[in-house]
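What follows is a set of structures for review.
In the two complexes that follow, subunit A is the common piece, with subunit B as its partner first and subunit C second.
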Partner chain A sequence: MTTKEICSTSFDELLEQRGIKRRDFLKLCAGIAATLGLSQTMIPRIAHALEESVIGATSGNLKPALWLELSSCSGCTESFAQSDSPNIATVILELLSLNYSEALCAGAGWSLELAKEQTIDAGGYLLIIEGSLMEGWDGNALVIAEEKGTEIVEHAASHADAIICVGSCSVDGGWQSAYPNPSGAIGIPLYLNNAKAAGRLDYDLPPIVNLPHCPANPEHVAAVVVEYLLLKRFPELTNENKPAMMFSQTIHDNCPRRGHFENGEFVYEFGTEAEVKRFCLYPVGCKGPETKSNCPVVRWNRRNGWCIDSGAPCIGCATTNPRRPGFNWVDMNAPFRSHLRNVAIGDFNIPPAFIAYGVAGALVLGLVIHGFGMKASGRLKGGAPYERERKWDTNHPERAIGPAKAAEKAAEKAAAAKDKDDAKSKDKNKSKKGDSSKKGGGK
Partner chain B sequence: MAHLAHYKEAHPVPFVITHWINLIAMILLVFTGFYIHFPFFEGWMGVARGVHVFCGFTLFLNCLLRIILAFVVKSAAHAGCRKVEPDYKSFLPQRDNRHQFGAWIKYYLFVKKEHPLGAKFGVLQKISYLIVPLLITIVFITGLCLWGVTYELAPFAALNELVGGLMIMRIIHYYLMWVFILFTFVHVYLATIGGLGPAKLMFLHKESGGLVYDPECCNIVGEDCMDEEDKKSKKD
Partner chain C sequence: MSKVVATNVQPELEENNDGLEQDGAAGAAVAATEVPIEPISAEIKPQEPQGSKLPTPSGQALIDPVSRIEGHLRIDMEVKDGVVADAWVSATLFRGMELILEGREPTDAAYITQRICGVCPVSHAHAASMAAEDALDIKIPNGARLIRNIIEGSQFLHSHILWFYNLAGLDYVNPLNALKANPKKALQVALDAGTSISDFGAVQKRLEAFAENGQLSIFSGHWFDGKDEAYKLTPELDLICTTHYLEALEMQAVASEISSIVGGKMPHVMSAIPGGSTWMPTAQNLDDILFRAIRLRDWIKATMIPDTYAIAPFYLDVAGYGAGPGRYIAWGVFNREDLDPANRYLPAGVWGFDESLAAPDEDAITEETVRAFYKDSGEPVNPRQGITDPEFPDDAYSRDGRYSWSKAPRYNGKPYEAGGLSRLLVAYNSGNDFVTEKIDDLLDYLSSAAGTKLGPEALNSTLGRTAARNIETWYIAECLIEWIGELIEAISEGGIETFAKATKSSGEGTGMWEAPRGALYHHEKVTGNKIDAYQIIIPSTWNASPRSADGARGPMEEALVGVPVADLEKPIHALRTVHSFDPCIACAVHITEPATGKTFSTVTSPWGVK
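Let's turn to the complex of A and B:
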């Protein structure tokens, strides 16, 4: 069962049925070309690929897709659904034959689960996953349609052509997996790799693309899906499986407020003149300098604006650590109004500066006390007297420094020198340099 | 007078210069570092970052230069003595202060009353001075990791990933700065608590008198009261 019956053989008719003009469709293709960084000459190819996908679909070969919603807030679905007119979301999803989506499908319950089962059995689908998995309480922290989330994902990944992890939760656990993570939330790539390593999966993992952000940027999702339809491959990925063209420059690099940063013009407090002037948000905890994404270029909300444009510091929602639990964007960037994350010592989260000033204060106190000790012990007046002989040598006469002979010699010499020394200290005014050794003497 | 004489041979001119460079670079690095961490007054971020990067390279190159000079320049490896040897020997275990690790700690904690009889540097001093170039190198590398973030030069990108991301690297860099600050507290305290003789030698290359030490017999053999003689000659 598919959720949408496609009853026309002509692509143009199909568009017409949905109230989309050919002109709007080409505009969409131009938008996709721009998002993918392709030249305008590629627009006909994109249009062709989309048409081909649909025409193929009339004979039942529309690329099927499953949109799994695990432990999520549906924010990514919502974000994607608000995508640009002329309705990229609608067109893309229908071009894709979205066979399962809790939020978007008209069907629900048993029939929808059946559709999912049939799609998985048929294979060759695109698996889009929103939200994290929860391993807590033996996987019972997340149960959908009487099935554990972990089992759903292991099953759904079995015949998928590719997996697209949409949103930071599915990439590395997101909010749910932030400290203390009682539900054992985990990102999809890490979960599947662990399952594979543990030998629970009897299939090779399909390629995985990570699209972080909270929520995922609809432009990113559309671009990746279309590139997959168009070229049957994913864009070049970073070592964290994020598309390199979207996630290899920091937000700071392309920020429209960067000039204010370099000029040293900052917002220190909200509601001030500096905020009105749209100065740099660095002192109020902007995480732009360590967050890699092309937000300033792609922007959000149909390219109307984005966080920093609307006056909010970046909270670093594109930070990822898909291989390392406990290091995801919430762990790394909270508290959001602070420049550095807190340092976790056991169950305590302490600002780094607090520890630094504490240790420095303790050290200064220690030195002051030591200084009083120096005064009390009389070391300040010319310092403590030197020991006549090294303590260790006194205790180990047979192993005193140097060959035994030299040590003996030295002892004699030292005794002689000490006698003179003592004599001199009794009569300080008569000090003279003549009695120093040949080496120590001259000026 | 119960401290050893501070002779010029203990601290030749090249090291006076490298020590000055270290001091200036570190002060500027710490100041601009705090500024970059939180710009506590407006208008200087571009300058602060420029100065920070410049001084970072200066400090590291100066550190390399100091290490090379340690093998080239000769200095006195014993305080209160003018006999010079290759400088690096001052930092390695010397005959004069073997088995003195415990003695020094006891001395600093007032358990031991008498000043240990040793070479130019005490045992703890040697260890801490050997750690400093290591720290400079590490702080330099972490700084580079934070500098070319987008450039993603392979080793730095790998290090960023190893520690768990740019935020962690920032915190490491931040704490390493504090290690230098704390080191400086202790360093300045110990260098000046017994008089300004060492500081004069370090910064101005001026000698001051004191006990004279003979490295051959590893013991104090007399006293050189150049200060008092100078005063005397002036009075006369």
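Let's turn to the complex of A and C:
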């Protein structure tokens, strides 16, 4: 029997399939109550718990939640487990009924899939998604319980109250979608939007909150979940569906080393005195100025550290573009130790230095050619008039501007030459009368 | 709501702890301490097992997905008369890390490879850095060595604590059964077992409130009621261990705090790069990490180790199955000043119950793809020459065909097991005093509980793998304090160097290191500070490997054969056996080289990848 077969049935069908009558089932519940040492009054409640409880929509105070791990490293679950207010024990016992989490759930295999299935059927749950989807090999790059990751998400999103995409992989594919994206990684929001546009989804997409970072910052996840439980709403979002409170300012804006940046005090080499003094890491590649997140404020691991505190320049792991998988943080920010990236055009991969020398070289070459051209055209001596002489200027030299000045000069020169000529011609006239009249006419 | 978690009173072990705290503060050598375990008291003696009454079904048992691991794993088993006759372990995710690394810088690789696994990122950062250092002839300064040991050690503690209590723990502990416990009696049981006591009553009340609410949360679809009747702890011990489950959630975070102070954040630390570390400790940092390390060590000694001893007698049957191939590899972890792999705190070595200890040989490693989703290259190849081309077959996941994204690494053509047990057995056979003493103590204890003399072969089992990892946790906790002491001493004597620059930009190098889950191998070819080729072999690729061409099962498949199954739908013993390997499947699935003749260049276009 495959997991899928088991999971696709309703609870009653499932009992029937296994040859269990409903009465036997209630008996079983009585047995469990006895095993647990609970009073008889608890029996219906336990029956309800086993039958419906995973659903949680009809009873219980906990908000049902599914934590899907898709193509992930489990780092976001790990990260969330570091949260301290609330801590993970409080979350799973007193805030959320975490009915499906591959990392934490006691069950495994079909019974875990069943819990997920029932939760989806009941609806009204929070869908938390870690990791990206894989479209490679027609979705076969990611298969869980004989179901492709893409199908799992399309199904799980159907009755969700909201989707929280934790971590950069989930938001836009993350590092897995970095070139050459060998497995066809894609972020959840883009995938679902594409599926909706292609008419594969027969439901309206629930609201999506994106929480980038690699891994997701536990403070961010806890804040969004708890705010949703307490205030029954999500925080204000940016146009990329990221909470505006968290992702509106750059890391540079709030960096404790910002003062050293203003003073021009920098770390140029790791392991030096400058690092002991906690100078600014910009020259060693810090992506703080272009990465938007409040991690200098919330920090990491119960506020005990954050990247720049450990002398490591920001690598911009919160850089995302949920609409464009190619804009993942690795492709946007690597090489992490430099500020300029290679530019790829087609199959050519051009380093920034090449482009800089290329542009500078082309400029110099252009100027040299221009110079030769100038020389060849004889414009170097006095240059060419950059504006054509206008008739009006010529006719009104006393009121002329621009080229008219030249005309003026020409006129003055002509006048001076005339005077000279006149003087000469007077002299010449004295000797040769016929010649002077010919010259004067030529002018 | 969670006040209970914070209170952790340990009156019985106070004097023990005091002495050790001073040791730690002074940065003294690992203190060889007596085992704080009393003989099992009458009250917690396990009941007789009722194995004979259990059903013995035949048929297919399938666990898909396996929960409480990292990544996605599918276990397919053929059960015959209540015992697993054959098993197929499938990794069901492909990501292609190596392809993404090509054309990038070695420093970038240290950051990107970490993202392969959220549980052991530090090990990947270190192995990637070591590969780059080997390729570019960098020798890291002593300060960097200590910093790496500290951050690696705290990651091991984090991983092992989380694994024992929060991942594997629910295979042995039934928190719902703790509702039946008498807190007063639990207190006495805890004192008798020498484990730490806490406000058990408050924890029970918290569980009651949880149960009354009626929603099962993470216990949805649990296997506590399987026909195997495999949960054997008394309600009192269940209550104690549930309390410690909650404490462990706290302590794994404390371990990560050390990683975070040294490495910026955890998971995915930032300060580990080729050449050393970017972190320059301040005085404030030093006391922050020292006292967290002491707190962890004290908790492990007072809680984790006694818990292991207290529940082991109930689960002696678990020592009777789960035997792997009996051959072990460890590349070694935690450098001493000479950076010699054979001299590491947990040394490098290859050992088997019928093989003597040998130094690892990179040339002996081969990988096969005959049963994996890759075009088969025909014969086993060394990862340095590996040619692999992913290909998803039509009959995927069939028992006779290809069934995994994981390749099949072999050493000298044979499957080897990697992990905590491998490291400890290599250390045991290389004469590590602490490990030898603790392993002997454990074997003595198990022998007295079982009533027969047990040798080291008993460790080749699900129980052995589990217990060995906990002993390792203790050892690393003691070492961690030692390293922090050394660092403090070095700083007080005039400062440390933490970073060495590369003097060349091309070369080829290997980093052989250990992740918490076992032997980790990174190899890279660098030209002009750009990576031409990158290869990774991950511990779980060794353990969860599919069959090789000769039909030899992977270690996890081997261990599953012979595991009792009374309930085809909830094969709990099989789940225990899988968990004992602490599999990390997201790591294990990757490919080692692009298709023949195909090259890739990094595209970091501002217009995105087209």
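Everything below uses one rule, namely that the second predicted complex is superposed on the first by the 289 of 443 C-alpha atoms of A that agree within 3 Å, B and C clash if a C-alpha of one lies under 4 Å from a C-alpha of the other, contacts with A are read in each partner's own complex, and residues count from 1 in each chain.
Here, a contact is a pair of C-beta atoms (placed from the backbone, for glycine too) under 8 Å apart; a residue touches a chain by one contact, two chains touch by 3 or more.
Treat the numbers as computed from the prediction; the structure is a model and nothing was measured.
In the superposition on chain A, A:Arg341 makes contact with both subunit B and subunit C. In the superposed model, A:Ser74 lies in contact with subunit C only, and not with subunit B.
When both complexes are overlaid on chain A, the residue A:Leu114 reaches subunit C alone and has no touch with subunit B. Look at A:Gly371: by the touch rule set out above, it reaches subunit B but stays clear of subunit C. In the superposed model, A:Gly199 lies in contact with neither subunit B nor subunit C. Of the two partner chains placed around the shared chain by superposition, subunit C is the only one that A:Gly305 touches, whereas subunit B remains out of contact.
Of the two partners subunit B and subunit C, it is C that touches the larger number of subunit A residues.
By the touch criterion stated above, A:Asp253 is placed in contact with subunit B alone, subunit C being left untouched.
In the superposed model, A:Tyr282 lies in contact with subunit B only, and not with subunit C.
In the superposition on chain A, A:Pro215 contacts subunit C only, with no contact to subunit B. Taken together, the two structures place residues 324, 327, 332, 341, 343 of subunit A in contact with subunit B in one case and with subunit C in the other.
Of all residues in subunit C, only 1-2, 5, 60, 62-72, 74, 92-96, 99-100, 103-105, 107-108, 111-112, 115-119, 121, 141, 162, 166-167, 170, 176-177, 179-180, 206-207, 209-225, 235, 246, 249-250, 252-253, 256-257, 259-271, 273, 275-280, 282, 288, 390, 392, 396-397, 405, 497-501, 569-570, 575, 586-587, 591, 600-610 touch subunit A in the complex they form. The touching residues of subunit B, counted against subunit A in their complex, run 1-3, 5, 37-39, 42-49, 80-83, 95-96, 98-100, 103, 107-108, 110, 112-118, 149-150, 152, 161, 164-168, 170-171, 174-175, 178, 181-182, 185-186, 189, 193-195, 207, 211-226, 228-229.
Residues of subunit A touching subunit C in their complex: 1-3, 32, 35-38, 45-46, 48-50, 53-54, 56, 59-62, 64, 69, 71-79, 81-82, 84, 86-90, 92-94, 96-115, 119, 134, 136-138, 140-146, 174-183, 185, 214-215, 269-271, 275-276, 300-302, 304-313, 315, 317, 324-327, 330-332, 334-337, 341-345, 347, 349.
Those residues of subunit A that touch subunit B in the complex are listed here as 239, 248-250, 253, 261-266, 282-283, 287, 289-290, 292, 316, 319, 321, 324, 327, 332-333, 339-341, 343, 352, 356, 359-360, 363-364, 367, 370-371, 373-374, 377, 379-380, 382-392, 401-402, 406, 409-410, 413-414, 417-418, 420-421, 424, 431-433, 435-437, 439-443.
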